[in-house]
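Notes for the one structure printed next.
First chain written, first letter: the chains are A, B and C, and each begins at residue 1.
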Amino acid sequence: MRPAAALAGLGVALAGSALLGVLAGAVAVGPGDVVAALAGGADAPTTAIIRELRLPRVIAAALVGGALGVAGALLQGLLRNPLADPYVTGTSAGAALGSVASVAAGAPALVTPLAAFAGALASVAVIWRLARIGGRTTVLTVLLAGIVISSFAGAVVTLLIVASDRLALRLRAVLDILVGGVTSRSAAELAVAIAIVAGATVWALALARRLDAYAFGEETAATLGVDTDRTTASVLVVTALLTGAAVALSGLVSFVGLVIPHALRPVVGARHAVLVPACLLGGATALVLADLGARIALAPAELPVGVITGLVGAPFFLLVLARASRGVR
Amino acid sequence: MTLVAHAVTAGYGPRDVLHGVDLAIGPGLCAVIGPNGAGKSTLIRALAGLLVPRSGRVELDGVDLRAMSRGAIAQRVAVVPQVFDTLFPFTVREVVMLGRTARLRALAGPRDADRLAVERALGLLELGDLAGRRIDALSGGERQRAVLAMALAQETDVLLLDEPTVHLDPAHQRATLALVRDLARRSGIAAAAVLHDLNLASAMAGRIVVLDGGRVAADGPPAAVLTQRTVERIFGPGLRVLDDRVPPAVLPRS
Amino acid sequence: MRALFVAFAVLLSAACGPAPASIPAATPSASPSPAVVTDFQGRTVQLPRSVSRIVSIGASNTEFLFALGAGDRVVGVDDFSDEPPAALQKEKVGGVKVNLEKVTSLRPDLVVTIKFSDGTVERLAAGGAVVLVVDPQGLGDVARSATLIGQAVGADGKKLADDITKRLQAVRERSSAIAAKPRVFHEVDATDPAKPFTVGPGSFVHDLIELAGGVNVAARAGSPYPQLSAEELVRADPEVIVLADADYGVTPEQVASRPGWSGMAAVRSGRIHPISANLASRPGPRVGEAAEAYAKLLHPTVFR
């Protein structure tokens, strides 16, 4: 498929799923009223429900999914590892630790993305250091490192919960981070996230051609003219920015970063200049739909969206793992 | 145009692999041979600027590689890697376009010169029919040719090849090396190829460098290097050199 | 802490399934002493002849014990027991998880505890002490709790129960005369403002709201501590918002700035009131006081 057509198709899919996301909710609102509310012509409660509660939630889901999709594509390209994604490499766990720490410290809500970014950067840097030992890394090394980082972050989170009285009072907030769920966010929070995700995506596009050159390994990328130290550092920072933004908005949402790039590469090809925007749109679509599923599966009760992504993602992960351990090394 | 190693000592961690290697690579095809562990791949990495010498230096036209950016080196020196498996479904044409990485700018498409270089490289390696195919769906030999085409698309005047023929059948081995030799002859490219097949080296290269224990043990035209004495000294007593032939041939002793 | 506890309880009960249904109370034994009673878990309990060392688990139970004059016999309380102030001086026996070793080391002859679904009650009983489960949920449970605990410690629980009932009755009489009953949203926890926890039928705060002359916006919820979607809340348009989570730093300003909340009647008229969580979340001896405080919030002109 031509890249332009594929991207256009993904854009339509995102618009369609966003529309579904805005139409469905805890309170029944007819399609006509939804349109009226979006246009500003509905009564005050309906307008508040659509514009301030549902639309921000759909936007938050789209941002989280898009950010994780792009982060997954970047990590897979950098590590040449089909199983790399922010969740399994422990990058998300690092970001969650940052978020929890900032919640524990009682920092203002807008500081959380920064703390999440710092935690994500620290853990993704550890992964990278490990992945370099011995020049070439097996698929499993990265996974094991991810397990270790996730366990460590989990232990520190538990320690914080038990040790900090202040945090105990905010236990619900901590649970929300660990379980992973999308919720309505304020315009300011969304604005920060949009700025981070947009900036990081443009940066990723600027890195796309250099990342393509990693296809045969870091050293070949260097012989092709890529300043690998700087490029690698940039990719890690972009990944951490995206993961941090996603975790700050929604907590730990699993497997989106793994599944989306895999699902899209056969359609749009491997070039990151196309794969990155495709994963942004595809990841956004997937998480908007997953959140919709989370809202209606057991209505009126709501599932955390992480439950849906975990249910879909874990079997997919095993499938890729089986294929990878058969085919590669 | 010359790529020169001056007294290069290099290695990994505390271990030195190359010990004071002096070598100048000029126009033409030069084969690098030697037993396992002699330092052949390490020499290629040092010449490409991927491995910084512990002492000594590598100069391209008198400029130390350490003073050049990766982008600048990549426009002068191309390396055909040993590893050419990838997990991702790049097409052959996209892989060859990777050879233009150093000349392309971020967020901009390839220019005519880039497309031309890619099509030329595809043509040289007879990959025209495969250009739209996914590289992970090709045979080992086809992939190796695609990676060689990637290096050719870099349009450099130095070409370093690390065992470029291991995945090729005998016919393609000869054809590929002949292509490199002709390019080197015709365009004045300096090419150095690590080879295991002494006969292939003898038949294709105008010059053979023998590495042993991290030092240059012999250096010269095939007839001068592939003598019974030298081959026995480096590779042991198991080989017989037919040095009455031109170029010389090497057979296992029966 | 109660809000947290409720959140936890909701999670736990979802995970552990329903608690055993209570069995109708049997008639107390005819002999005055030792008395045999049926507790809140339907267990038949033979009360000790005299009680000198009591461990109290559950903040309302601790309040009842002190209100009945048994405070100086209490040797240990759980971490949530913060009223009266004297309770804070007692030995602590744990919070969400009861420290059984600690309880045993205090050598109680009576343990008064709320319900647990994780076997804590059975393990306490195995430790040798007489265990009485008292777990008031609705307003109707308060008098029974006072009576039962009074019986257990040899105090006049009946009189305490009557006092509480009279005080509640007084509030009910005044509020029932008021025709305009405001729609009330009682916030237990809104860590996620899109899904706040509130109170529903079966909780004593729900009873309190109705008694004080209000209409609970979550009156049709299916559980005592339901989570309400902000969308439903906007639709319900509460006229008064009562913040039982004010102790954790939630302010009326924060509520007004939540996405989607600004248009609610309560926000526009500024009728967002903090209430002390330990008063308004605990079906204990101070429910009369709580009802009066709640009525003042709902009808400031009638109840001064």
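Points worth noting:
We take it that a residue touches a chain if its C-beta (ideal position, glycine included) is under 8 Å from a C-beta of that chain, and two chains touch if they have at least 3 such contacts.
Note that the structure is predicted; figures quoted are calculated from it, not measured.
Chain A has its Cα centroid nearest to the centroid of all protein Cα atoms in the structure. Ranking all chains by how far their C-alpha centres lie from the centre of subunit C, first place goes to B.
The distance from the centre of subunit A to the centre of subunit B, with each centre set as the mean of the Cα atoms, comes to 42 Å.
Rounded to a whole number, the gap between the C-alpha centres of subunit B and subunit C is 81 angstrom. For subunit A in complex with subunit B, the residues that touch the partner chain are 77, 80-82, 205-210, 212-213, 215-217, 219-228, 265-266, 269-271, 324, 328. Partner subunit C is touched in their complex by these residues of subunit A: 25-27, 44-45, 47-49, 52-54, 56-57, 168-173, 175-176, 181, 183-187, 300-302.
Chain contact summary for the complex, subunit C toward subunit A: residues 1, 4, 7-8, 11, 189, 191-195, 227, 229-232, 234-235, 237, 248, 257-263. By the touch criterion stated above, subunit B contacts subunit A in their complex at residues 45, 48, 50, 69-71, 73-75, 77-79, 81, 83-91, 94-95, 98-99, 101-104, 106-107, 147, 150, 154.
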